[in-house]
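Okay, structure first, notes after.
All chains are identified by letter, namely A, B and C, in their written order; residue positions are counted from 1 within each chain.
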Amino acid sequence: MQKPHTFDRFLIQRLGISFISLVAALTMIPIIVVFGYIIFRGAPAISWQFLAAMPRDGMRAGGILPAIVGTFYLTLGTAVFSVPIGIAAAIYLSEYARENWITRLIRIAIINLAGIPSVVYGLFGLGLFVLFLKFGTSILSASLTLSIMTLPVIISAAEEALRAVPQSFRTVSISLGGTRWQTIRKIVLPQALPGIITGVILGLERAAGETAPILFTGAAFFLPHLPNSPLDATMALPYHLFVISTQVPGMPIQIQYGTALVLIVFVLGMNIAATVIRSRARAKRQW
Amino acid sequence: MRLNRFILVLLLALLAACGSSTTHSSSGSQTTAYIQNKGSDTIVNLALAWAEKYQSEHPDVSISVTGGGSGTGIAALLNKTVDIANASRQMQAEEIKQAKANGFDPVEFVIARDAIAVIVNPSNPVSQLTMQQISDIYSGKIDNWSQVGGENRPIVRLSREVNSGTHVYFRDTVIRLGDPKNKTLFATDTLLLPSSEGIISEIRQNPNAIGYDGLGYVPADLKKVAVARNAGGPYVLPSIATVNDKSYPIARDLYMYTAGQPTGAIKAYLDWIVSPEAQTIVANLGFVPIK
Amino acid sequence: MKKSLTWTETLITAVIKTCGYSAIVFVILIFFFLLREGVPTLAEVKLGELFSTRWYPIEAHYGILPLITGSVIVTVGAMLIAIPFGIGTAVFLSEIAPRWLREILKPLVELLGGLPSVVLGFLGILVLTPYLRILLNLPTGLTALAGALLLGGIAVPTTVSIAEDALDSVPQGYREGALALGATKWQTIWRVTLPAAKSGVLTALMLGIGRTIGETMAVMMVTGNAPVMAVKLSSIVSPVRTMTATIAAEMGEVANGSTYYHVLFFIGLVLFLISLVVNIIASSVVFKSKKRAERVLS
C-alpha cells in the first residue's frame, strides 16, 4: 500500500529538481553568452590606442579616451557628494536614531529614492541643477543628480555594515570612558569599513553605468578636448555607446563592441572589486 | 594600511588623468574661443566634420557638437545655452516670438541643402512611388506592399522622432503634400526611432520596412525610391543634380541659427562654413552644397 | 580639553543628524519639483485630452494612455519572464545546488545585475530584434517582446538576489522538521520553505517590477517607440512606446516652460507615483529577519 505513494513522491522530486535545474541553467546560459559575445567581438578593438587616444573622423576612428575620462570624472564627482552624506546618514540610522515614526519615515524615503526611475532623476536634475540653479549641462549637474540616485544604495549598505558590528564592541568602549562619537570613529567605523566600501563601490558602479540621468544634465555628443572644469559638459561611456550604436552612420561595428567591452569591464571591475573586498573582510572579521 | 595604499594609487591615477588632460588642451590654453553647437541629428555628423576640419586649421578655437534634434537645438538657443543651433527645418513663428521675448532676434543661415530619400530594403521590388502614395502609406491608408506594386508583405513605417526637423519637414511636405490646412498625421503604429542610424539599420535587415532619411545618411547599399510629384510625372532619384534643378520634390535647406548677428569667432566660423572649402565637405558627406 | 571635545562632538552629531534626514529631504524635493513642473499640465491641457489615445505632442495631442499601456505591457511581459526564472533560479541556488556551485553561480548572477542597460539595449538592436523578426515571422523585431526579454534579463538578478536571501533566511529547523516528518526535499521546498519565505519573495518581485517600470535605455532602443494603444494580446509582438522612453527621447527638445515641458514632467510625476506605490507595497510586505523568525521557533 505504501510503495506506490513513495514511488510517486520521489519521481516528482526527481522531475522537479531536473526542471528547476533546467530553469536555472536557462538563466545562467544567457548571462555567460552575453558576456562571452561582447568579449569575443570587442577584444579585437582594444589596444592602447583605443583607450588613450581622442576620437577622429567623426568618432569612427581613433580612441575613446574622453568617454573613459568623462565616466571617471562623473564617478568621482558622484563619490564626492554621495559618500560623505551617505555614510553620515547611515551612522545616524545605526547609532543615533530611535525607532520612532521619523525613523520609519526616513527608511521609507530611502526605499523610495532607490525605486525612482533613472529618467525621473534626469528630469529632476534638469529642472533643479541645470535650469534652476543655472549650473548648466555640466559634470557638476550630472554628478549631483547621480549622487542623489546613489545615496540609498550607500546608506543601506553602510547601515547594514554598521549594524553588523556587535553591540559588545560599543559597550566596552563606552565603559572605558569613550564618548559616542569617539566610539563610532575609533571602533565601529573601522570595523564596518569593508562593508561600507563594498556598498560604496556597488553604488558607484551603478552610477558609472547609467545613461538616463546624464542625458540632459551633463552628457555631450562630442567634445574636442577633455573637460577642464566641473562646469564643462563631458562625454561618458554609457552615453557614448548609445550614440555610436544609434546616431552615427558608418560606425565600424568593431568600435561599438570595443566601447561596450570597455564599459562592462569598467563597471564589472568595480563589481568584482567589491565582491573581493567583501569576502576578504568576512574572512578577517573579528567576530 | 593596505586601504591607504589603494587610495593613494587611485589618487595618482586621477592626477595622471588630469595631467594628460592638460597636455591635450594646452594647445588651446591661450585665447581659446569656445563655440557650442547643438541641434539637428541630420546635420550633426556634418557639423562634426566641419568642427574637426576647422579646429585643425584654427587650434585656438574649440567647438563642441551635440545632437538631439532640431527642436532641441532651437530650444537651447532660446534658453541661451548654445551659440549656434543646427536645424533641418526653419524656426516656427512661436519659437521666433519666444526668442524676441527672451531678448534677441534669431539670425538664419543656410549652410547646405539636403534631399530626403525614401528608402526601402534592397530586396524590395518597388522602385518608384508618387508623393500621394507615400503620403497614403505613412498616414495608414495603404498597409501592404502589394497595393503599390510590391510583394504581399505588411508595410512597417519608420520615422524620425517628433523633435526632429526631418520629421516635421516630411510631415508637412510629403504627408500633407505641402498644404498647410491639411492636418493628416502619421499612422499611430509608425515607429518613431530616436535616430537616423536606427532607421538605416532596421531597413537594412527588414524587407517590410520603409523609411526616410537625409541623403547624407543613406549608405550605398540601401535602395532609394524614385519619387514623382504626380501620378503621371517623371520619377526622380535624389542626387545633388536633381536637388539643384528642383526636379526632386523632397528637398530642403539646412540651417544654422544664432542669437542676434554673430561676432568674433562665431562669425569667422560661419563665414568659413559657406566657403568652398567647407562646402566640399558637404558634398563628401552626401549633402548638397549651397552653390 | 574636555570643552573642545564636547564642541566638536556636538558639531559632528549635528552634521550626522542632518545627513540622516537628508533622504526625506531629497524625496520631498524631487516630489515637489515634479509637482511644480508637472501640475500646470492640468491647467493647460483638458483632462479628456490628456487621457486620450493620440500622442503627437508637437501638435498638441497629449494623450498619454498609449504611453501608459506601453509601459504596462512591457512590464507585464518582463515579469512573466522574471518570476519563473527568478524564483526558479533562487530556489535552485538556495535549496538544490551544492555549496561549491552556489559560490560560483551567485556572483555570476550579481554580475548580470551590474550590466548597464545601455549595453543590453545595444545587443538588443544588433542581435535580438533581427532574430525575433525572423524567428516569429513578424513585420519587425522592434517590439514590446524585445523590450520584455531585455527587461526580464535586468529584473532577474534583483529577483534572484533578494529571493535567495529570503530563502536562505528561513531557519534550517523548518527544513529539518519537515524532513523528519517524512517529506521529500522537493515537498519541503514547495510546502514549507517557500511559503515561509513568502514575504521576502514578494518583496523581491515588487522590487523587480519597480526596476522594470523605470527602465529607460534598453526599451528606448528596442521597442520601436510607436505610440500605440497596447491593449490587445497581439500587442506584445508589435512596437510600443513606454513613458520612460518618451521622456528620454523628447525632453531635450522642449522649450522651458511650454505646455509640452509640463506634460513631460507630468509623465515623470506619474512614474514617480507608480514607483512610490510599488515601494510602499513592497515595504509593507518586508520580510522579517532571521532573528525574529528564530525567536518564534524557540
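Here is the rule we go by: a contact is a pair of C-beta atoms (placed from the backbone, for glycine too) under 8 Å apart; a residue touches a chain by one contact, two chains touch by 3 or more.
Remember, predicted model here, so these are calculated numbers, not experimental data.
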Note, CA centroid farthest from subunit A's centroid sits on chain B
Write down the pair of chains with the top C-beta contact pair count. A-C
Take the average of all CA coordinates in subunit B, do the same for subunit C, and state the distance between these two points in whole angstrom. 35
Report the inter-centroid distance (CA atoms only) between subunit A and subunit C in whole Å. 16
Pull out every residue in subunit C that's touching 2 or more other chains. 125, 221, 252, 256
Where subunit B touches two or more other chains, by residue: 68, 79, 194, 198
Would you give the residues of subunit A that are in contact with at least 2 other chains, written as numbers and ranges? 131, 245-246
Seen from subunit A, its contact residues with subunit C in the complex are 9-10, 12-13, 16-17, 20-21, 23-24, 26-28, 30-32, 34-35, 37-38, 84-86, 88-89, 91-93, 96-97, 105-124, 126-128, 131, 148, 151-152, 155, 179-182, 202, 205-206, 208-212, 215-216, 238-239, 241-242, 245-246, 253, 256, 260, 263-264, 267-268, 270-272, 275
So, in the complex, the side of subunit B touching subunit A is made of residues 3, 14, 17, 20-21, 24-25, 28, 41, 44-45, 48-49, 51-52, 55, 62-68, 79, 81, 194-198, 200, 216-217, 219
The residues of subunit C that touch subunit B in their complex are 53-54, 56-59, 61, 66, 125, 130, 133, 139-142, 220-221, 224-229, 238-239, 241, 249-250, 252-256
How about subunit A: which of its residues touch subunit B in the complex? 52, 54, 56-59, 69, 72, 76, 131, 136-137, 193, 197, 220-228, 233, 243, 245-251
Can you list the residues on subunit C that touch subunit A in the complex? 5, 8-9, 12-13, 15-24, 26-27, 29-30, 33-34, 37, 84-86, 88-89, 91-93, 96-97, 105, 107-112, 114-123, 125-127, 153, 156, 160, 184-187, 190, 207, 210-211, 213-217, 221, 244, 247-248, 251-252, 256, 264-265, 268, 271-272, 275-276, 278-280, 282-283
